[in-house]
Amino acid sequence: MEVQEQAVTNSRLTLLLEKFRRVRIQSVNLCKPLKSEDYVVQPIVDVSPPKWHLAHTTWFFEALVLETYNPDYKVFNSDYGYMFNSYYESVGERVLRPNRGFMTRPTIEDVMDYRRYINEQLEEFILTLNDDETRILDVLEIGLNHEQQHQELLLTDIKYILGHNPLFPVYSTELNATGNLSDTSNFLPVDEGLYEIGHQSNQFCYDNELGVHKVYLHNFEIMDRLVTNGEYLEFVEAGGYQDFQWWYSEAWDWVNQNEIKAPHYWHKVEGDWHSYTLQGFHKLNSSEPVTHISQYEADAFARWKGLRLPTEFEWEIACKLHSPEIANSSNFVEDKNFNPKIQPANNYQFYGDCWEWTNSAYLPYPYFKTDEGALGEYNGKFMINQMVLRGGSCATPRDHIRPTYRNFFNPHLRWQFTGIRLARHT
Amino acid sequence: MEVQEQAVTNSRLTLLLEKFRRVRIQSVNLCKPLKSEDYVVQPIVDVSPPKWHLAHTTWFFEALVLETYNPDYKVFNSDYGYMFNSYYESVGERVLRPNRGFMTRPTIEDVMDYRRYINEQLEEFILTLNDDETRILDVLEIGLNHEQQHQELLLTDIKYILGHNPLFPVYSTELNATGNLSDTSNFLPVDEGLYEIGHQSNQFCYDNELGVHKVYLHNFEIMDRLVTNGEYLEFVEAGGYQDFQWWYSEAWDWVNQNEIKAPHYWHKVEGDWHSYTLQGFHKLNSSEPVTHISQYEADAFARWKGLRLPTEFEWEIACKLHSPEIANSSNFVEDKNFNPKIQPANNYQFYGDCWEWTNSAYLPYPYFKTDEGALGEYNGKFMINQMVLRGGSCATPRDHIRPTYRNFFNPHLRWQFTGIRLARHT
Amino acid sequence: MEVQEQAVTNSRLTLLLEKFRRVRIQSVNLCKPLKSEDYVVQPIVDVSPPKWHLAHTTWFFEALVLETYNPDYKVFNSDYGYMFNSYYESVGERVLRPNRGFMTRPTIEDVMDYRRYINEQLEEFILTLNDDETRILDVLEIGLNHEQQHQELLLTDIKYILGHNPLFPVYSTELNATGNLSDTSNFLPVDEGLYEIGHQSNQFCYDNELGVHKVYLHNFEIMDRLVTNGEYLEFVEAGGYQDFQWWYSEAWDWVNQNEIKAPHYWHKVEGDWHSYTLQGFHKLNSSEPVTHISQYEADAFARWKGLRLPTEFEWEIACKLHSPEIANSSNFVEDKNFNPKIQPANNYQFYGDCWEWTNSAYLPYPYFKTDEGALGEYNGKFMINQMVLRGGSCATPRDHIRPTYRNFFNPHLRWQFTGIRLARHT
Amino acid sequence: MEVQEQAVTNSRLTLLLEKFRRVRIQSVNLCKPLKSEDYVVQPIVDVSPPKWHLAHTTWFFEALVLETYNPDYKVFNSDYGYMFNSYYESVGERVLRPNRGFMTRPTIEDVMDYRRYINEQLEEFILTLNDDETRILDVLEIGLNHEQQHQELLLTDIKYILGHNPLFPVYSTELNATGNLSDTSNFLPVDEGLYEIGHQSNQFCYDNELGVHKVYLHNFEIMDRLVTNGEYLEFVEAGGYQDFQWWYSEAWDWVNQNEIKAPHYWHKVEGDWHSYTLQGFHKLNSSEPVTHISQYEADAFARWKGLRLPTEFEWEIACKLHSPEIANSSNFVEDKNFNPKIQPANNYQFYGDCWEWTNSAYLPYPYFKTDEGALGEYNGKFMINQMVLRGGSCATPRDHIRPTYRNFFNPHLRWQFTGIRLARHT
């Protein structure tokens, strides 16, 4: 990861301290609707216990800031190091493999104590710093972005835990505000030519966005909104999941081995399609964007429509051209819908609502370099067999997204708020 | 299961009501040291969440007594039926497979409400009955024995959950009272001859103890106490786990595939053997009975000693001859040691402390008949590929055990309080 | 294994030499219908390649006789030791795990050369011996019985390989001679009492038959023939495989996970049941004994009939009482039916046709002792989680079976010629 | 797949007929050193039995040419359709899943009869055609390219089968001709700029090479030969396989789970590295190109060297610029080395020797379209989670390769002749 120099009127320290307080409290707030029991479990390997997210993001500040840069720092609990280090490997014969989902201790109360202790220690430590200590401030900034990423996972993991409980518990009772759906989608054109890809401002970005470089795009156009539940339902009802011709060979195996018949969280009850959202179990809203689909499904749907997914480069240029700024109507975690929503026609939905699967593999940009040390493990080591997603979702913090942001997951995964935007050459 | 007629001075109803109150409160008491988080998880398939035990034993009374015999009964929550029925199979498209260890809801508070409701309903219902309604009283009695069995599992499952946590939480701070170990064990002789096996009194027993029948035993003798940690440690240190000649072929595969090197809960820390007990993480006490071993290990140890495990028939006859009554010093769950202990020489340890592996496969006795309906599933369907254990353990309720009681587990399992008594022909 | 002293008019050496020639040529004869390709594969872990059987039985004589007792012996090929030793564990870094079913070399021609070489060497060596060298003669005798056991496996493994080929190749065109089926089966009674179990003559037997001991049997009776395809078909058609009540809990899982719907080698084609036999693919003959069933299925069928499987002790005593001698009409491998057949009413089928599943676990007899050294591994180490079968089959050599012979397999296995005889208490 | 129009002096039919004879006989010739037993087995899922390759390539002509276009054609054996169709899914209840590696029948003799029959039928049929019947000629041409691809697999699968046999059989005794290795490798430069990617001539190519399009390349340079065993050995000896920092996260799991410590076919015997080649088991030749490595290993090695793998676009442009023609010294299957070799300095090794892993995911080019019908399944459905390889290998037919040819495999696979060429930005 690398951090560009900032031109700020306020001191960088002041801004970081403000963001630190805001981000740290937000993690706790997202857990307010949970019961103690909800914090513990790991139903699938991709989903971590909420308690683990709260502790792991805290451990990041403890290990990479306090233990590294504050010689006076006293460790809260020496066992927490290996329990909450996501990269942990066995360190000695006494230590049991801390299987995340079975660690009932420390309790959530203990973890909250841990958070409070680290918050106090860190604030105290920050007040001893000044703007020249760039490396420490960089690590702090990464820690905050790291915690924001975990907030998104926290929410999708909570959804998984509650959404696979036969009681279908309600997480939020706030109504999911939806706009009016423009009946038909239109296509936004982009002209053939040489474009620049990658992060260029002096704001924070991850190392995988750097290596600004030229990419040649051929004429194409791209949908001006996300694909809806109603549109996707046509594919389901047309037998899309039963016809091998729409699927990659390995996707077809996945469909059959897992008996996939619809997006995750969809259930057919007495002939009607329902879905579980964080507002509970409801009839499917056909105007809302389809979500919780794999890249396999996004690609199969595109083929069935005679279209295709955009590349990440097409997506980035279309976004920069047609939607350079984030609109107020865009739908992020702070808006508390916790679900993608219908947007006004001029919103275009490049930001928020759903992460958009591209047909680009997650690979290094030309001139890509990883950071030194532990922080260098952040992105580069995942650059194989994953596909790029763009644009953020309804679970992303509003100040965490930008046109150059590259998210990535294995193509079969569905527990994130993932959706579809289609493209075609012209 | 079958219930013999009782000759009681008190009404059977009165006794059942008393036992009902005692057994029901005991399940809750065993959970007192737990935190909410501890109630939820299922770290291995054999271990059920404590919450599930509390709810399942309650559901048993709801479904098999109240719903069956009380036409006025109103179900507490219709979803609980499939969530807490251990024999549940899918019932319709909306229902998700209720993976026990990931069901964070209902919370433990909800489950306690469920218990209270069923307790009240059941007490009310019992008061409408009389001693003639034999079938209902039989089912009630089975329900209480069923809950006592689950109390043992509850404790061993709690031990598994806490004992695999890197913090090694303490469940009980009461000291584990231990007597003086007689230095050498002696052998108790039994003469060759024809003996009767099976339950004969009019007290409660399970269906698998019935079918009183004759068995011819050849001369043998049997140890007058359980094998100790110290004795077992000699096997460990002599390389017993590295020498194939002591092991069944499939046991040898099990040792190697699972890298088994010592009993469960044993850990070598800086050269010294420790073990986790419900009192926490301590140095191994070499005088206490070895526990948490598989039948494979019990058998391998016996072969290494040039001895063998007794058959269940030898065990039953030796017990009836040499230890017909349960001594006060015997160690059951009510004694709150939660660990096998050293017994005075005249105790013989046939009851309590550790379930004793025999070399008998769990098979039906001659004339065995299963009960009608759902209760018939209780025992008979497990009579393949399991080995018999006898005598109860430190986690067994004192009034739950008898010389004819047949417990059974797959030979590789270790999470119960299992131990070793050796025998030989003479 | 242990060998009892013989009272022979001929020298033991002469008899062994005669048997040696007869047994060794029989292994080769059983392979005559095979093509080179058939010798190589191992479609499931239980089935070994025919080539491996031919080489492994040869290696047994090479390693345990020639290399052990003949100081002048020159090894045929030093690589064959670990390739054809069934107990092989890794011996050095160069050596690859010789996955039996993928070893295309040595070719079958090479293996035949190996057999010829060992035969010559062994005959030469035998001629240097005399009847006093008991240990060598004992090992030779075990080697011959070992090869006879492998002849049975050879035939069932060949059946598996050919019977899972879509072309259903024919192994033998000889007609499967069948007698007339007595319409109804009768029950043979056995009186309550104390009986002796185990091998008592001075003929060869395995160590697991020794430990002659007393067993008390309660009154019972046992069917006078095997269950037929027609009788078993009634169970299939009555939905026996769809009703959990007939099955052990683990058997029910096995039925569902493997989608078991009928005995192995049964196929329903256009509404009619067919089966593959070594004579090819034919309509099911409803009068012939049902075969290729697991102990699970045998037990489920018995329960459905309101009867039960006999114990191995009941079987042995009933056989000794009602069928002490092997009839000429009995059906063994030398009769070249390669399939169980209908027997005349007075044959009773205790010998040949099908191995009969009992409801006894394979456990040591009282006073059981294993042989010293490698031969001690023969039987004792399998005495867990297996069930006893009695009586031999149509793939057993006629001189290899006796009333005390104990065969054993895991209860789910079906590729042997296994069948059902029912019993009941009276 | 798509076939471009040809400008030929000879009739296209005549050329195809000549190629048909040449390609068909070559498949049989490659199998000459095999024994019947070698044709049968499938040791891992990626390796098919040689017999299957011979039959499947034949079935391709039978099903897609003769059965489709010749109304008079009589099928050779109706069972062969589902036995040798690589896309087979179950067709009715009688049919068993034809597990490729356990199908001992048809024998290799039967398969050779099948090949002869189809060859005769096809030659006869071709003689009835003329150059206007473009679609049939296109399918024929695809069939021949299809068989050439299977010839490469045939050879690598034979190597796998023989190379995992403890006897390490020799396939060819011809000496592996090697040139002199230039001590140091140099880098070939390519200037920044816009380049055209994709197949442009009127010769045959696959559909995945079409969609000629512009790609912008930044300044880079690329090695003028393949990485050698000696260079790779330095990585091995420096502990490259024990240091997580060189590996993708999923590659590190792969290394550890599979205990990977060196390239496939490397063995350390008494301190010295050896490798198995089709000439047998020999000391490692440090000057020859390293082969049988995964993309994971190629990437890890590149990182350890401070360099990187080229993209497929960089590779294609460098090849077209620096090595537009295939040299006589290049090493293909017809040269019978069956192993990559040392090349003269001016050869550059872009063609033959080893398939070169790129760091490009296998994705569609802009404007990519799949062919109609069954032939459309050829390439497009594999465009996920695979990496591109370029340049052909010592197992590729000389007339089968071109600069635009895109091969693809999952990044963990090693049984092909795969190697490394490094690149860097300048």
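Here the chain labels run A, B, C and D in written order, and each chain numbers its own residues starting at 1.
The definition used in the following text is that a contact is a pair of C-beta atoms (placed from the backbone, for glycine too) under 8 Å apart; a residue touches a chain by one contact, two chains touch by 3 or more.
Keep in mind it's a predicted model, so treat the numbers as computed, not measured.
**Student:** Can you give the shortest number of steps from subunit B to subunit D, where adjacent chains in the path must touch?
**Tutor:** When the steps are counted carefully, the minimum from subunit B to subunit D is 2.
**Student:** Report the chain whose CA-based centre is farthest from the CA-based centre of subunit D.
**Tutor:** Result for max centroid distance from subunit D is chain B.
**Student:** Between subunit A and subunit D, what is the separation of their C-alpha centroids in Å?
**Tutor:** About 38 Å separates the centre of subunit A from that of subunit D.
**Student:** So the centre of each chain is just the mean of its C-alpha atoms; given that, what is the distance between subunit C and subunit D in Å?
**Tutor:** 47
**Student:** Once you find the CA centre of subunit A and the CA centre of subunit C, what distance in Å lies between them?
**Tutor:** From the centre of subunit A to the centre of subunit C is 60 Å.
**Student:** Counting only residues that touch at least two other chains, what does the list for subunit B look like?
**Tutor:** In subunit B, nothing touches at least two other chains.
**Student:** Touching pairs of chains, all of them, please.
**Tutor:** A-B, A-D, B-C, C-D
**Student:** Which bits of subunit A are touching subunit D when the two form their complex?
**Tutor:** Against subunit D, subunit A makes touches at 194, 213-216, 218, 247-252, 295-296, 299, 308, 359-361, 363-364, 366-367, 381-385, 387, 411, 425.
**Student:** Contact residues on subunit C for subunit D in the complex?
**Tutor:** Interface residues on the subunit C side: 35-41, 43, 51, 79, 82-83, 93-96, 98-99, 101-108, 161-162, 164-167, 169, 267-269.
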